[in-house]
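Read through the structure below, which is laid out as structure tokens, and then see the notes.
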Amino acid sequence: MAKTALQFRHNGRDVAIFVDGGTNLLVALRELIGDMTPKFGCGQGGCGACSVLVDGELHLSCLTLAETVAGRSVETLDGIKDGPNLHPLQRAFADNFAAQCGYCTPGMLMAAKALLDRNPSPSRDEVVEAISGNICRCTGYEPIINAVLAAASGGRARA
Amino acid sequence: MPVTVRTFTSSGDAAAALSSDRSARYLGGGTLVMRALNEGDISISTIVRASDHALSRIEATGSRVTIGAGVTFARILAERDLAFLHAPARSIGGPAVRNMGTVGGNLFAPNPYGDFTVALLALDAMVSVQGGLGSRDIPIEEFLQGRERQTGTLVLSISCQKPGQTDAFRYRKIARIKPKGGSVITLAAHLPVNGNRIVGARIALGSMAPTQIRARAAERALEGRSLDAATISAAAAAAAEGTAPGDNALGSAWYRREIVGVHLRRLLSGQE
Amino acid sequence: MTRHRGRGIASINYPIGMNLGGDPSQALVHSNPSGKFTVALSSIDLGQGMKSVTRQICAETLGVPVEDVYVDTADSDTGPHCMGSFASRGTHRVGNAVMAAAREARGVMMEAAAEELEVNAADLETDGRGNIHVKGAPHRSISTKDVAIAAQFKQGKTISGRGIFLVPLSNVDPETGEMSPATCYAHACMVAEVEVDDETGEVAMVRMDSAYELGRALNPRLVEQQLVGGAWMGVSHALYETPEPYYPDPSHGPRDFVEYLMPGPGDICPHDIAVLERPAPDGPFGAKGPGEMCANPVLPAVANAIFNAVGVRIDDLPITPEKVLRAIKAQGGARPQARR
Amino acid sequence: MLELRKDIFADERDDNLKEIGKPTQRQDMLGHVTGTSPYFNDHMLQGMLHLKVVRSTHSHARLRRIDTSEAERAQGVRRIIRGADVPVNLNTLLSLINFGKDDEPSLAVDKVRYKGEPIVAIVADSEREAFEAIAKVKIDYEPLATVFDVEDALKPGAPVVNEVYPRNTFTYHETYDRQQLRFGDADRALATADHVLEQRYQMSPIEHAPTETNGSIAAPDTNGRYIVYTSTQALFFSVDTCAKILDVPSNTFHFIGGTVGGGFGGKVDTLTEPLCILGAMLTGRPVRYVFGREEEMQYGPPRGAERIYIKDGVMRDGRIVARNIRAYFDSGAYTRLSSYAAVKCAAHLPGPYTIPNVHGDVYCVFTNRTPATAMRGFGVTAMDFAIECQMDKLAHLVGMDPMEFRILNAYRDGDMKAHRREAKNTALIECVQVAAEKAKWPIREEFRRMSSRKDGGGARAAIPATPPESHAPVAAPSQQRTTYDRAPVATREPPPPPPPPSSPTPPRPNAPSHGATRFSSVFGTRRR
């Protein structure tokens, strides 16, 4: 099967891989690069478990043709820590017990990061909107919303 | 057969590749084509892409706006001159889908999707398509009626007049799930007013037929009248006339017929 | 006025564990040479917190800090048998097995400490911070680390324990149904408030107030996770979910998360919860299990609230806007009941 | 918001504990927020193949012919697996504990009983190639009449869904088509009640919808073993089910799981592991079998629907004197775990209330739909919906406040429950009182003073006279010992039991009956 060479930045590091025609970014990240943080939940665009940032924008990696990220920057949960230190969102999710099975957590965190990168003090409604493409079957969303508000500077005041 | 990806710099070449290969699909934002591939749709074996900048251009400064087929909903939301389209753009998916999904792709999205197209139908948009013999403009209503036959054509852009007054265009998507849910029904109304009278009323509905359709009886009830309670009641009473909704997981045909008038009344009278 | 509010209640109990083939679970606990403990299980953590709650049970029983315990689970080569994670059995069955194993390990640890301190093991106690000392004489103390080193390298003892907890099968009488289906029960009462749109049949949740009796909240945050998420699932079952929207006609089954309806983050409502603890005589520290029963009272409470709001009884789940609207039309309009 | 009401039942607890009761962080939280918690699908193995199944397009059909010849030649296809390739192609999950008969193939051979039933498995180099091969499998179906409604399935002449159970009901205790509950004389009490209310309730099926779909990865390991990464909710259940279906000793497998992306009951059925391991055995390569989302939603087992009829007798003062319940559990085409749900449900009757006359019949019914399985609240959720809606209607009927009505009828310590065990450690009344307080729902002083620990027992502890029924005597009891180990194939059916001493039909005394053991008895000699 013909393969296409593909280079992009993955969490700040240049990577080069060969992909089959039609390979999606989720498969490329997990199976060709070994970054297991984005998860397969549906392959339909309905659950958000595979969410990543492409040039800072929230994208569904399962619906992204891998070769369309050539030369672009892809950020996953694996890249949001600052060295050994957790990102404030990661700490807030932990402090708020905002994960149970943990499977939606990587996508939720990326959706939340996409929000806070643009809007550091969102309202509760803005948080709700930001995570609305991500399905969580365990928590009932409340602790996740609280975690994002807690991580946001000034978020508490506006909630 | 493995999937082949073909990327063209000109939309003409892309259109030619599309029309010559029954197994080819144009990849816009990926929300339809990549999903189909993920789910094992083996009828697709060629993915066609075009890097033509015209496909992602927005011209919105004048009274007529043109939006490239590859423009995402997120870009529409970022464009102040397209404020009248923000409500329909915001009603699509969650943030990630809005960063990916395109105006052109939405024209092909089956029920319960295709909400943005409902707005375009009410706005009497023109769809510019590239065929084998060059590009041509098709009124959106005609485009939708023949949508099943359009899979081999490449949509370049859509264009429409900006509504004269901000409240002349109204849009509402009725979903079970908030803030992001599939459409039970979707309503859009363009009601230009001349003096005190509505002239050229267009009401478009989603999920009330196999494709987005106009509510012509409701339009007739509005045409030439002022938007008062009696007129709104008459339009609401006529809302279901001529529609052909189906049953699906989000609601039954019966339910859709029952509520379309209620929601049209609320939309026109500005109620929540 | 097209929107009406109403409140409804429901109260329930729920059996802990199952009565099928006997209901056992096992656990192994052992210390490494520096006094850190591993719990080996084959139980599954599906998000309910199995690893975390058994860790706390083990630490409490051993008398060591929770950081000194790690739960390793679900490797069939190293984890002893467990029936599985279902039937609200995890906390109760696995928790008891871990307690038994930890008790045995603690016995060895205390004997080893007694040998080092040259006292009788019965005169020793743990301080929960990693030390063992003579009762009433905290200065005569040894760390669990030093005990583990001594046991391993000097005394030749394994600080380890085995535990099993079994609720044996209770035969079911075919005629009368006589049986012992469970050894303890959790309880709950839920008050749900809804708002019903009488023109569209749409139901929105306004708030929930609840009381859950769970034996013992071993970790209140884990309990809260179950109760908040479980009540959300109860709302979801009550108003939204079905893989067969036209049951028993199997057509139009949903294929994705757009067609399979579950409340989104914009559909949730405030939920105020009280937890009561009446310890189960055979529960680990009295615990029962909140994992399943948390959703159950919500469904009928919502249905009863809808009746209170508009006077229609919907006895078929899920309570879709269509069913509500049909019922309202059939009775000639909404009939709000006495506010309460 | 969660509040601990330490003031209630304080005298029964020692709250002076060091770790218990503390809001300690989850052991797995750091893994979750860093995306490093290891789910089954996070293991990439060299040379991994992909397994997909060909699913029935009919709800009920005879399979005239299955032609896989073209698929076998398709590009990238490593192996086609058919029913004949499965060593033991008939199983029922609870056979491990001797409950029920083997009734479900891993791959259908001569008949399909629900739309989506697996018929052929394809192992290929890529998912795309597996999908392409699926399209090349030709299956000739002879459609059969279908039945989708539980009560239609019980009518004479209804299509037989599953020949193992030709009456379309699971068989309890060798002969019964239902699980019964009999306590007192419900018919007589209904005849003298001030009000009688009979209602029908319908629970929907429910999809578990875990964010992680069902799946597994199996790979040949050293020394002839197989390593299996799995999403199962029950590790040894899955190990032993695979050992039985694949006819190898259970220690052939090294199962690794325990970190699962949600289950809710939907990952008990060992849906993917047997074929996944078989694929690895037949190709000598690692194989992955993961459900897509549509597969999970449509063909992953749901919580079964239940139809429930309740007939209650209530007195003007609010006391419920009789409750008669008939429930039909829609098991779909195969048993899976619904058989047990009915037993659990029978034990749950009549809800957390002390009612002196209770009559229950719970049926596990086969229909031509995706087999149902366990889900959060198994056997109870639907019944609680029915009972608690009924309670609301009864309160309305007698003009009582619904909170007070529940407190009045609530079970208390010392009361006799309908399954003939004394109620202990009860707390329903306190829950209702606290919920009322929280919701600012006024209840009268006398109801605020009531207690689960007072006024139970006494006359309420008695087992009422229960009239015998005039149906056929119970057939031969079989005292089976459970072998949790896999039995040899040829002797899987337990030997026929010795004929019992012919026991006359009840009247049953208060003493529990031991002679007629039903589903397995691990502790055959045990007496309560």
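Just so it is clear, A, B, C and D label the chains in written order, and each chain counts residues from 1 on its own.
The criterion applied here is as follows: a residue touches a chain if its C-beta (ideal position, glycine included) is under 8 Å from a C-beta of that chain, and two chains touch if they have at least 3 such contacts.
For clarity, every value in this text was computed on a predicted model and none was experimentally measured.
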Quiz item: Where are there more C-beta contacts: A-C or C-D?
Solution: C-D
Quiz item: What whole-number Å value describes the gap between the mean CA coordinates of chain A and chain C?
Solution: 29
Quiz item: With chain centres defined as C-alpha means, what is the inter-centre distance between chain C and chain D in Å?
Solution: 18
Self-check item: Interchain centroid distance [CA atoms averaged], chain B/chain D, Å
Solution: 45
Quiz item: Cα centroid separation between chain A and chain D, in whole Å?
Solution: 36
Practice problem: Mark out which residues of chain B touch at least two other chains, giving numbers and ranges. | Solution: 2-3, 37-39, 179-180
Quiz item: Of all the residues in chain A, which ones touch at least 2 other chains?
Solution: 20, 22, 42-44, 46-47, 97, 99-103, 128-129, 131-132, 135, 137-138
Quiz prompt | chain D, residues touching no fewer than two other chains | solution = 25-26, 28, 128, 209-210, 259-264, 292-294
Practice problem: Considering only which chains touch which, label the overall pattern as line, ring, star, complete or other. | Solution: complete
Quiz prompt | Contact set on chain D toward chain A in their complex | solution = 25-26, 28-37, 39, 41-42, 44, 126, 128, 209-213, 259-264, 290, 292-294
Exercise. Report the residues of chain D in contact with chain B in the complex, numbered from low to high.
Key: 52, 75, 127-128, 131-132, 134-135, 292, 294
Exercise. Using the touch rule from the top, collect the residues of chain A that touch chain B in their complex.
Key: 1-2, 4, 20-22, 24, 43-45, 48, 51, 57-60, 62-65, 67-68, 111, 114-115, 128-134
Quiz item: Tell me, which parts of chain A touch chain D in their complex?
Solution: 20, 22, 30-31, 34, 36-44, 46-47, 49, 76-78, 81, 86, 90-91, 93-94, 97, 99-106, 109, 135-138
Quiz item: chain A touches which residues of chain C in the complex?
Solution: 46-49, 221-222, 224-225, 228-233, 255-258, 262, 264-266, 268, 271
